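Next up: some structures, all given as structure tokens.
Two complexes follow with chain A in common, the first pairing it with chain B and the second with chain C.
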Partner chain A sequence: MQVVAEHAARPDATEPLLAVRNLRVEFPTALGDSRVVLRGISFSLLPGEIVGLVGESGAGKTTLARSLLGLPPVPGRITAGEVLFRGTDLRALPERDLRRMRGKDLSMVVPNPRGELNPLLTVGEQIAVVAQVHLGISRKKAREKALDMLKAVQIPDPRRRFDAYAHQLSGGMAQRVVIAMALVCSPSLVISDDATSGLDVTVQSQILDLIRALAEKQRSAMLFITRDVGITAHFCDRVAVIYAGQIMEVAPRHAFFFEPSHPYTIMLLAAFSHSPELRHRWTVPDVKRRTVEGAAGCSYADRCPLAQERCRTVEPPLAQLGPGHFSKCHFPVVR
Partner chain B sequence: MQLAAYIGRRLLFIAPQLLGIVLVSFLLIKTIPGDPAVLMLGPTATPEAIASLRAKMGLDKPILTQFVIYVKALAHGDLGTSWQTTRPVLEDLLQRFPATVELVTFGLLIAILIGVPLGLAAAVNPTGWVARVADIYGLSAGAVPDFWLALVLIYVFYTLLGALPPPLGRIDLALVPPVQVTGIYTIDALIARDWEAFGSSAAHLVLPVATLGLINAGPILKMTHATVEKMLQSDFSRYEVLCGMPPRTVIRNALRNALPSIITIMGVLYGFLIGGAVLVEIVFSWGGAGQYAVQGVLNSDLYPVLGFVLFSAIFSLVVYLAVDLIYFAIDPRIGH
Partner chain C sequence: MTALLEVSGLYKSFTISGSRALVQAVNGVSFAIQPGETLGLVGESGSGKTTVGRCILGLLDATDGSIRFRGQDITLGGRRSKSRGKMQLVFQEPAESLDPRQRIGRSIEEPLVALKFASNERQDRLLESIGLVGLSEDMLNLYPAELSAGQQQRVGIARAMITRPELVVLDEPTSALDPTARAEIIELLQRIQGELGTSYLFISHDLSTVRFVSHRVAVMYLGMIVEQGDAAKVFAQPVHPYSVGLLSAVLLPNPKLKYETAINLQGEIPSPINLPKGCFLASRCPLVLQRCRDEMPPPENLGGGHIVHCFRHQEVAALDPTTDTFTRFQEEAKRILGVFPVEPQLDSAAAQSEN
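Right after this comes the complex of A and B.
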């Protein structure tokens, strides 16, 4: 919140850094038709803001993250919508220009980094190449910068790790390397895609603190994607919930945790709750997700304990409940 | 230090490996019907003459005894004598093996020069016309027999165009081959500064090398195409694209990751071609080691065949060792 306040003082604070409008991503199927993975996604990020995006696996989190960079997972295609970055539509840019922005202005922290790093190059070299390509600096300068980044992400013995290969690193260290790579060009937007999954809980919190500290230091905005709603409580300015390729609820952090309104949000929070009573009340036997594409009504209706007849026939709008608080539900829970 | 120890260990294993190979081929060749004594003396020989020649050649002794005698001689560098050429096998092979190595090495180089760039281009742009050409090429290179292609090339470039020398050996019959240093005529001619011999031997190389190159580019192309394509779809390539790396860098890194597979197929082809190029050798009267060995098999001439097996086994083992060393150099995950 402090970061937001800082930016609020600046004249351009009302200009969002990233504005996504009605983004739609489809995956063609073998039968010739296609499966819609993201439908009508809209949200925005202010400069320096940290927004959490929570959802279960298969909700479209990774697809969204990669689609923002114009690279939806194969064979996905962006079929509609705009991705405005500082007012320019990235979808309209030629690949060449978009490539120059990836890793420099918008960068991504990926999960499972040991599989994502090139096995034949030292990690220092890989960080240096990113800096060299995007910043147009000499190889020597780039290597110095890479070493500085390795120090910044608090890798023990950075000089030695510089010459290490991905397979010689632990998962936590590899994660730090990927963070160093994402931040080496001081991007104005960092997308963190489930960056801490697969790490020990202790390492997880170290990495989270690190990402936040570095992003704040560089004044990077961040889209923080995770399955763990608890993590977002620690440092996100706003939190959005994604379900079946749609944003169900967006709210400032405080409202999100203290006045959740969408039944799915409440279910997510209940799943992480220590209260057995709450968990019991909001745990719904997992009904098979709707198989009929484009069926009328709310996509959560089949699993929703509060669903009524209207939910199955009319799709609810993303309606405003309070300042910055939106919920896509006919019957939002209001306390 | 570690590397030297590794190489030493590998070389140490070569001796027992060779012994095993020689034993197996010895037994196999002995099971081929046909008596060299009968063949040597001709149809008019008396049984007594045959028996005495058999005794002289040691053919009346038990097989294992014969093997021990052979290995003992081998230890002194004696590979036996060919009854067809009536010369020591070692001498024959030292002359013929380099001919085959020359042919096969240049052939493989051409195959690499065709296969790798074409495979790479096809992998980078799987829907482009290069990919289609590569596909058709890969198929036809696997379907066309090498000796047939050789005959077509001879017909076009010698018979019709007259641009290249006739398929009769490694150098113009009127020329004296250069003094043997490596046994590879082109290199020996360069060493001797004999430009005429160099020109002639190079011209004689063109068609057989083109034949081997065109045929064997097929598997190299397919392997390059498949592995580079796989690498370009792998997580690290996607991640490089996410980081905004230029396509050139992404492709170069993918190729580097694909190299071990490509080099493996090259190594396998190299070892295989020493014997596998024999049809091309015959078409061009190359006088190489493969041709020599086939003559040996057909005429129950045991020692040339064993000598050839020994030479090509050593050659293959050295090639495989080199391939493994290249793995070491490329991939930090191996051997550390």
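Right after this comes the complex of A and C.
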């Protein structure tokens, strides 16, 4: 996909901050061969843009998030493709340089915050360490900065929480701490992996507003990974759908929700609407997902209600349908 | 009509080891479930939903209050044998609630082993139960890991239904599932209810699912039911500020349909240790009065079983427009999805993929 075409809806589009080209990640199996989990992912992010990535569990969302940072889940390996950050291929950089960038230029908000925080350090200390190491500031300054971040993420009584340990915080509060940690160095790219899934709706909306405000203030771009299509409708500038390690459709928010074209996207939206009649029209029940590597055709063909012979033999290209709107389907639904 | 289940004034507190403080998880919950009815119990995590379910099933002893099942008092442990097998539970994580080293047929019939059924009768019931949930006989020898998450949850439901229960407590049965699998499970549960008249207590924080499956809904906050009533009514016109806040925070998959509301809850649920004196929502409620901080609002019956605990419910009702976001979304989705020129060929596609 051409960057220019992808951002056609944004005439002011400058150089993308992040451009992923044909990224492929494989996991070796016990049998000696390998399972391809990401099969040629391409997309790009402009500075300040929030792109939602939705998909079911097992689609490769987390693998993608971690591979962008050069840390694919063990034992996965990036076997092909480029991750261009400001034009530099991160895959070509030595680990030492990458380490300097992670947390500073590229950072990640992880799910399950209480599991990810260090139980032996106070949360304030953990935020301060990130700032101290990456920004090269004094310990005192770093602690001040950490306290400012705790205030920015609206933790009540931040001075006291600074000295709290992860287990003393509620889920919502721990999530705020992880966000504070991800944003303390004002990164230009934030990857959020299911950051709000463990939260209750009233807390979730507060956290989303917060992330959005902070991202806007710092002009950070964000890849927002979630299982919840509902969030992306209100939070993201563009939305991409991932299925079986491939991007099936990507579109500006409005087009994504009002002119969805890929049967899989439509199914996701239909499943959300709780309308049995819609769902029956758009899903094929109880079909085991295709896991055979190298099988020809579209990876969604087995579950697709519109699938025809060609879908099972020829893999569809990610073709352009409108400004910034792409769909990987031989028979996209167009009105 | 007598209620199948009647819970009144239920309290449950837990002691904290090494401390004299009490975690007051459930604080005076009352509700009833009629035969064939689904009551949706919604609330944030930590609001006591699961504890209520566990007290009903007798997995926990209530601290105070009474639980009556088919008119009989089953509050205390010793009397529970009367309801054994008549109430069942379906868990949230289908994978974790099945023994990974047991074939699923064995897992499904286990409740009957506990109830000392003879082997041939177990076999009959097993076949009946898997037929009900749409699993095939040749799957009985599989292990849980060989099934998809949706199939695993079918196994969980088959295991619950094998004792022919009158009430099933569904504790977040769809939260761990992907949208397609979730929709299948919901449909299955509704079909079972239609065929057998089973009552459900549907515990979930997923409001749109609750709206879809429930006849009546109860909104829990900090161990209390702050509002309960007819599901369509409560969702269309909530009269408790917490219900309004909860509903307005739901994000529907349509950029144009954001629930507009004047009530925006800030902060988080307070700790259930040292409960506030007045209304539990006072610290987060934008409509709070001094009176709310001083005394607990009593339950008020607005008619038709719609009960609310709030001094200012009339103002809440007046303040929020009567628009049911969920209904609006459903209509919008139909509009978007209904006009496609191509009719999917469901049958041929399904038939081909089976080959």
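To be clear about the criterion, the second predicted complex is superposed on the first by the 314 of 335 C-alpha atoms of A that agree within 3 Å, B and C clash if a C-alpha of one lies under 4 Å from a C-alpha of the other, contacts with A are read in each partner's own complex, and residues count from 1 in each chain.
Heads up, the rule we're going with is that a residue touches a chain if its C-beta (ideal position, glycine included) is under 8 Å from a C-beta of that chain, and two chains touch if they have at least 3 such contacts.
For clarity, every value in this text was computed on a predicted model and none was experimentally measured.
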item: Three-chain arrangement built on chain A, chain B and chain C clash or fit; value: fit
item: First, second, both or neither for A:Glu56, with chain B first and chain C second; value: second
item: Between chain B and chain C, more extensive residue contact with chain A; value: C
item: Partner chain(s) touched by A:Gly40 [first = chain B, second = chain C, both, neither]; value: neither
item: Partner chain(s) touched by A:His234 [first = chain B, second = chain C, both, neither]; value: second
item: First (chain B), second (chain C), both or neither touched by A:Phe258; value: second
item: Angle at the Cα centre of chain A, taken between the Cα centres of chain B and chain C once the superposition is applied, in steps of 10 degrees; value: 80
item: Which superposed partner A:Met181 touches (first chain B, second chain C, both, neither); value: first
item: Touched partner set for A:Met173, first chain B, second chain C, both or neither; value: second
item: Shortest CA-CA distance in Å separating chain B from chain C in the superposed model; value: 9
item: Contact residues common to both interfaces of chain A (with chain B and with chain C); value: none
item: Of chain A, residues touching chain B in the complex; value: 66, 69, 71, 74, 99-104, 107-108, 110, 112, 115-121, 129-130, 133-134, 165, 167, 181
item: Touch list for chain C against partner chain A, complex; value: 44-46, 148-151, 178-180, 182-184, 186-187, 205, 207-209, 211-212, 245-246, 249-255, 258, 265-269, 326, 329-330, 333-334, 336-346, 349-350, 352-354
item: Residues of chain A defined as touching chain C within the complex; value: 56-57, 156, 170-173, 200-206, 227-235, 253-254, 257-258, 260, 263, 266-276, 278-289, 301-307, 331, 333, 335
item: In the complex, chain B residues that touch chain A; value: 233, 235-236, 238-246, 249, 253, 256-257, 330-333
